[in-house]
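One structure coming up, written as structure tokens, with questions to follow.
Per-chain residue numbering starts at 1, and chain names A, B, C and D are given in the order in which the chains are listed.
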């Protein structure tokens, strides 16, 4: 019946974090709910047991499965016959590693917010762990869940753009336009690592560019600045891709008028594509010698990857939560089918999570060396 | 934790229809799921028991509660201690009346697709039934669930536009651009009633205009045409509102390039508002002697009604399913709080459903009299 | 060298009116200048000789040819060997007839602002005069001078839309959003005739719809209202076209947020076109079963009619003055080539001027009869 | 009468170049004509006397003043009592210097296409010449002639953005999307100098950014590439401004779908501005804690600098030729008033022309040193 048909059984989900004031916790919950493939049944939602209990009740989670500690949760859930299939991690960045490692060690799949971790060593360690256990470690690079991003990827993979010449990506936000206030945890180096907007937004832009284009950054030169904050809140980078394409990446958190301005433009020898996250239902396609076409989700000629990521007909807008849900639902299908990599329905894996960490530290190195070009390294 | 907090218990939902090829069934299911306030637990999903069982399994509905007949379902669910709280009706229009009546008679709340029914008598009868039983009968005029439509309504109610002078509404679609084919059930008068696009899209436009403006149509002149289909597929109407405003309504199903083109523009003595369903996150506000402001959902100065209907921050697009979910979640809250009318979270009631039926037949009467102005009547 | 090549000699232009505070006089002057085909050499620019002399000096017009009276100007210019070839009339509507008649009687071509005249009798009389004299009487329906309107006309004429089903046209402005003030001449019936916005904006919308579609209105039903002014400032009309198409026309001068909102949408059996005057460089084309294409002026596949009306490459915006200049330059070419009708370069003739007057009085008659459908008549 | 009032006498203009196939010659001619302040009376329009005569006739230039050689033209015009006041130079870049020098030496003002010259020495020499002679040397950085660019400059100068934090500018075009063909003169190093798109488009972007922001680039790091052409056709640059702002510049000529994509975005501590050349009538203003406002040319609150650069009311689009004409008309007023710098009406001077040349060679130096940051130098 539904356009998002399901399978054998609904999977069981646990959650660590997400009970604070940020919107990311509720988005994970909505994303898990939308297609009915997941039941949220356990969690450590907040730092205090009281608050965790409170959140559990709001989420209809049995209070017996509202844990005070993630290690206890991993152990207890692993023992239950109806224990969770997977856990979502949406805590501070610096805690991702140990939490992910704890659940993977108990045989529980992991869905982790980005950036995956805050050191290269941890990125490599988690990659090894996934290889060793065969479990899923999905990273919620939400924006690659949009149908029209999938369509861009498919069109490029099919050669519709010819050889890729130029990739311009940007992610500008207004979330730190006020001058630095110590209350803002995102400035707290202990919690977020040594990088600011390059980690929080830059990694999204980097992943989106590589995901859609199929190209890999092989060197970059980065100009990082903390214009209003102690950590970087503004970065411009020159990019060189392995296939010869050139490009640039701009990210900032101090841009008035940019609620969530993630934009990708890719130019090839034969055609170009443009996509804006704030108007995600459209992809503009401009072929050599032709007038531009507004490709609408649900419209004619939409790719298989875009179709499988869609729920409603053209003109009935889908958005951020639907893109987020595409990742959750793809993970559910992979687990149900015994895979830890995507097939048909797509999700970002530990590999993309690790590449994002490499990007962060490559940018930092370039900046420390005076913005010279340095090769990408993880 | 979530921005859509819940209450005591998750409500139980049943469903009649929705298992066909149309997208509206899945949209009801997604809308019910998104905020976690409903569990879908019973249904007659299709015309054959086999297909109903099949759909039930996909939806994780217990096969014991996948019924062959809606009367049986109403009776059996009414007897169960864990019976459904409400039923969704998304069958052909001409069956809405008897199904709604059957469930209301058993004390079960109803969520019904639009148009509510296909005769004035049935509209009046359901109004009486709701008055008598005190139950909810919500009508899924989805578009009034959008946050920025709520914002428009709030701004107008607060007098930000001054006196309303002009209301221009339109709903153009491409769903019948192909010349009539007998296979298309929407042409089948036995199933849909005597009206075509005026019923399927026109009622949405009519409700949206009245909902946002707070004005009531008191007379109209309608030019109906079946340009490509046996029933009307194109209608232009002149509107007069009780408060003195003039306006027009255009609806058609034969407009290439219009996936789902619902647009509302309201002009007052002091300011004007414009909203497009295909870009639902924005409302353009133009005050006398000032440059236009792009009001974004989640941005500064958003009204209480828009805020309570939002889940994500500005720049993280919400869409059709979120608007739809707002209606489901508002109904859940009303039921949980023992009301059958909205409070705080809004949903369209039987009154708006009945007014839509009156609109349909007022338009038909005008058309039959040569497009002269006739007073609105139910 | 230029993309607007010229011919034998520069033509000589006179002007009656245009020296007041309105912007329309300067627009005529700029339009005449842009392509170098006209020299402005004579005029009665204002109501007082002093002001006329003042304006003449600003316009580099010899003060000997700055006349106090249009009859004197017509007589004297007709006698000069280097007399004007044509005169522009941009005075109040009610004076158009006698001025046009005076110049035509002296063998001088006329370029007249719209509406052509304010009575049906005068419209018929000027048509007869043009037929009799063989002179040009061009009417500055500026908007039909835009290249992308020409492209729309060409595409429809070539059958790219199939049979025309629906024509929706609107022209909304904010120029009378303030409640009526006696100072505003446009409210002065003695100067403008018995119609308000239907004459000032409605005629533009009507002409644009007929021009681009190639269809003729054969009946209409009009709801006219003076919401803020003594004459009509808001009108909605139902339209029926001779070829069977249905449609609507909306015009108003009390719409906040609408600087100059002229929009045309035409739907055929095979495709649809949309054009907005405030973004005149684009035409959206939506063919059956295909995604919409943004046709840009100067881009691939632009029609001959659009090309001849263009000066700059794609992406170098042309606008209102260029559209206006297209009419002036086409008139110059016609005169230079001894024609009084367009060929290759297009301009609106007395026929379109007269049809606009018929439209005004047909709308008025419908309104006076209670908004019933009445046949178009001149 | 007109909104572009004039002064004492119409000035006399000569022209060198512009008679080829490029559109830039006709644009200069239209720009000079639009406001009636210039008469084109002399020229060397092409490389052969025959073609020059032919173009002269089309432009109504007396064949006696259609010269075979620019030196002859400078000499002869300087001797005439009615000789030209100024000359427009729109030949190949490498010839600008000697032609400008020849006319300045004869006391004739110069309007020169950009880039001003192709060596630093020539840029410095022309600056000295202008200082010495007191003549006008205007550079047609057309885009700074747009009213809404003037508005941006005025708002920033008034402090509406607070301190400038970030400046992102880009100029992407599709003019070289076809792989290199030897026929294309723009690839011919002998004619254009050693730089490609950095000279042809990059200088526009650089000037626009400095012009509007009031900031000066003090260092840059440039990644130049010839992706489809022997000279650079793609460049990304990191920018640092003297006031502490960071930024980036992207320019390319190989971008499908970009007819003329010049975009400027400036972010300050208090607000941000965005402007797109292809939609030049709007400026988006986003202040801290407020929803974005669409500032329309001709609308409320428009700055003095934007008003003096406007001809038509809001909603009557102006474009590229009007922006271009603003520069011509400002030069005319300066000459008429005996100045060689702008006042009230603005135009770019030799200083901005020279800074553009400095930009080109600073970018080249950075690229040659491996894209490291180098200080701006002329």
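Here, a residue touches a chain if its C-beta (ideal position, glycine included) is under 8 Å from a C-beta of that chain, and two chains touch if they have at least 3 such contacts.
Treat the numbers as computed from the prediction; the structure is a model and nothing was measured.
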Output for shared partners of subunit C and subunit D reads A, B
Going from subunit B to subunit D via touching chains takes a minimum number of steps equal to 1
In terms of CA centroids, furthest away from subunit B sits chain D
In whole angstrom, the CA-centroid distance of subunit A from subunit D equals 43
Taking each chain's mean CA coordinate, subunit A and subunit C are separated, in whole Å, by 55
In whole angstrom, the CA-centroid distance of subunit A from subunit B equals 34
Among all residues of subunit D, those touching at least two other chains are 258, 292, 296, 299
In the complex, subunit A touches subunit B at residues 1-6, 9-10, 18-20, 23, 25-27, 29-30, 33-36, 45-46, 54-55, 58-60, 173, 258-261, 277-281, 296, 298-299, 311-322
Per the touch rule, the subunit D residues reaching subunit B in their complex are 289-296, 299-301
Per the touch rule, the subunit A residues reaching subunit D in their complex are 165-166, 168, 170, 174, 177-179, 221, 223, 225, 227-228, 234, 236, 238-240, 246-248, 250, 252, 254-258, 267-272, 274, 284-288, 292, 370-373
